[in-house]
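Reading through the structure tokens given below for one structure.
Which chain is which? They are A, B and C, in the order written, and residues in each are numbered from 1.
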Amino acid sequence: MIEIENVRKSFGPLEVLKGIDLTVEKGEVVTIIGGSGSGKSTLLTCINGLEPIDSGRIVIDGTDVHAKGTDLNRLRRKVGIVFQQWNAFPHLTVLENVMLAPRKVLGLTKDKAEQIAVKQLTHVGLGEKLKVYPARMSGGQQQRMAIARALAMSPEYMLFDEVTSALDPMLVGEVLDTLKMLAEEGMTMICVTHEMAFARDVSDRVAFFHQGVMAEIGAPDQIFGAPQHAETQKFLASVR
Amino acid sequence: MFDTTLTLNDLAFLAQGAAMTLAVTAVSVAAGTVLGILFGVIRVQIGPYWSAPLTFALDVFRSVPLLIQLVLGNAFQSIAKLGWGPFATSCVVLSLYTAAFCAEIVRGGISSVPVTTRRAARSLGMTWWQDMRHIVAPLATRVSLPSWIGLTLGVMKDSALVLWLGLIELLRASQVLVTRLQEPLFILLICGAIYFILSFPIARLGGYLEKRWSPND
Amino acid sequence: MFNYTFHWNQALKALPQMLDGALVTLEIALVSMAIGLACAIGLTLFRLSGNRLLGSFASAWVEIARNTPALFQIYMAHFGLGNFGLHLSPYAALLVGIAFNNAGYLAENFRGALKAIPDTQTRAGRSLGMTSLQAFRLVVLPQMLRVAFLPASNQMVWAILMTSLGVTVGMNADLAGVTQELNARSFRTFEFFALAAVIYYVIAKAVTLAARALAWRMFRY
């Protein structure tokens, strides 16, 4: 369970998170929608401990992420994140990209790490590309590789930060299909996305962020069918 | 700080040496740049196959130590009875040396101009010369200038080697004073400071231009 | 104009001697490169340390190495250090001077290479649970080496060319030194130095080609 309590975060004079409260249960899929600058991507990097927070708490399965003495490296094995820019390691093949962290962070043997990597890469449909370098693949393929790379650590939670925003329209579908598959398998996921149809299809709950505040949260049918907040209505009208 | 016997006259002697360094550099860079542009344009224009001999010759100037080139240049002028003094010989060798590096910079600058841009110019009815002068030259200059500044400073530092031919430039002047006054560290520090003052501000300018004009910013 | 008879035989007879000198040249270049690399890594760490004193020391080294002639640096090692009671042999002075120069240029090269690797790479590594040291060693460093490799191999060629400066401080064992000694005995300046030029050219090209082959093997991506 991820518990977010009254989290505030500023970059200089700009307050990007103004007291966020959100609890995500095991097995739940929560998508976060909202305009740019609404703070949704920042929240994900804070959950993973890549960015510090100014006040409030983020607790994952009883561990306070930002408390002193928290072993963030250990925590991050449990919480995978995939970024908008997939950040493939260009000097490693697809297989080596996925094997690296299981070997060096989890300390698995080469054979075991390879077995896991092959399994995850096959899972996201890259079983044929094991020996290829990332530069030779499309953005969609690299993004799926990044997903496999995170999954190879057997995380219990997955965070997706606008994973399709940097892709050509033609390549968005293959990545969304991968996310759908994960959701159906019961992975606990928080997805920041601009793909409304995807949010509607896979989410258990949809949260709408506006200017650093979570303006509204609810079941997809409610958010998309009968939004309560004026800003939600405005936003949905603009993306339709 | 230093108890020295260095006199004002000696400082004037160092200044003369610095002037010689600058003179050799100025002549060589000017002549080397003209030649370099010529060689660079020829290389681009006639293609890698026909320019292979030129490419090879320029590569030799970049791959053989300058000191050896200076000795060879001097031996050559004496064999050919050209009657060049050390200054002329030094300038000729350094100019060719500069030209070899400059041609490479020019070639890089020209090939950085997109083919489509040049095609657009030609499609407007511009001649080859007009395209070169109004489109390629301004764009290529921008790309090449930081490297060219680096080359100029490199030639200024490398010009110290002309002391081997007996020319009294800055480093040789310092050496003369060292031998006479027996204060090597102090005098060499002054010499180094002069080189540094000549080079550092211009090097910074080059770095600044490179940053400002880099295509990614 | 040319009533001069070239005596190439005399130069060719001295070829074995000159090749011995070429070995010394290569040795000085390699050793100075090894010392230079070690110092450059140290200087880079100093610059990254955030300590102002160490950072200024490293910057001063780099700027002096890059803004004064290599020959000046060798003179400093040979004549200047005498003030501190350190009287280096021509061999040692040449080695110290070139190593100092190499370190300055290599440190600047490393700095550029570090800048060329985006922070997002470190972030991606950290997000997988790597420590910052692991992210640097496994993700940033291998990419940095690729960026730095070709400039570093160019520096190796420069080191070879710089060894010829030893002759000005009385070095007589390297290629330039041997050639100068032969020249002083026979006055066949052009022939001997032309042969030396050919040998320098061959060494420089061999090093360049070897570096390219190595890069091709090491960096397959």
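Here is the rule we go by: contacts are C-beta pairs under 8 Å (C-beta built on N, C-alpha and C of every residue); 3 or more make two chains touch, one makes a residue touch a chain.
Note that the coordinates shown come from a computational prediction; the quantities given were computed from them, not determined experimentally.
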Exercise. Fewest touch steps from chain A to chain B?
Worked result: 2
Problem set entry | Most distant chain from chain A by Cα centroid | B
Problem set entry | B-C compared against A-C, more contacting pairs | B-C
Seminar exercise, completed: Whole-Å distance, C-alpha centre of chain A to that of chain B, is 55
Exercise. At what distance in angstrom does the C-alpha mean of chain C lie from that of chain B?
Worked result: 20
Exercise. Roughly how far is chain A from chain C, going centre to centre by Cα mean, in whole Å?
Worked result: 48
Exercise. Which residues of chain C touch chain B in the complex?
Worked result: 1-2, 4, 63-64, 66-72, 75-76, 79-84, 157, 161-165, 167-168, 176, 179, 189-190, 193-194, 196-197, 200-201, 204-205
Problem set entry | Residue numbers on chain C that touch chain A, as the complex places them | 120-121, 123-131, 134, 138-139, 142-143, 146, 219-221
For this session: Spell out the part of chain B that touches chain C in their complex, as residue ranges.
Result: 60, 63-69, 71-72, 74-76, 79-81, 153, 157-158, 160-161, 163-164, 171, 174-175, 178, 184-186, 188-189, 191-192, 195-196, 199-200, 203
Seminar exercise, completed: Note: in the complex, chain A contacts chain C through residues 48, 50, 73-74, 76-77, 80-81, 83, 85, 87, 89-93, 100-101, 104-105, 133-135, 146, 149-150, 153
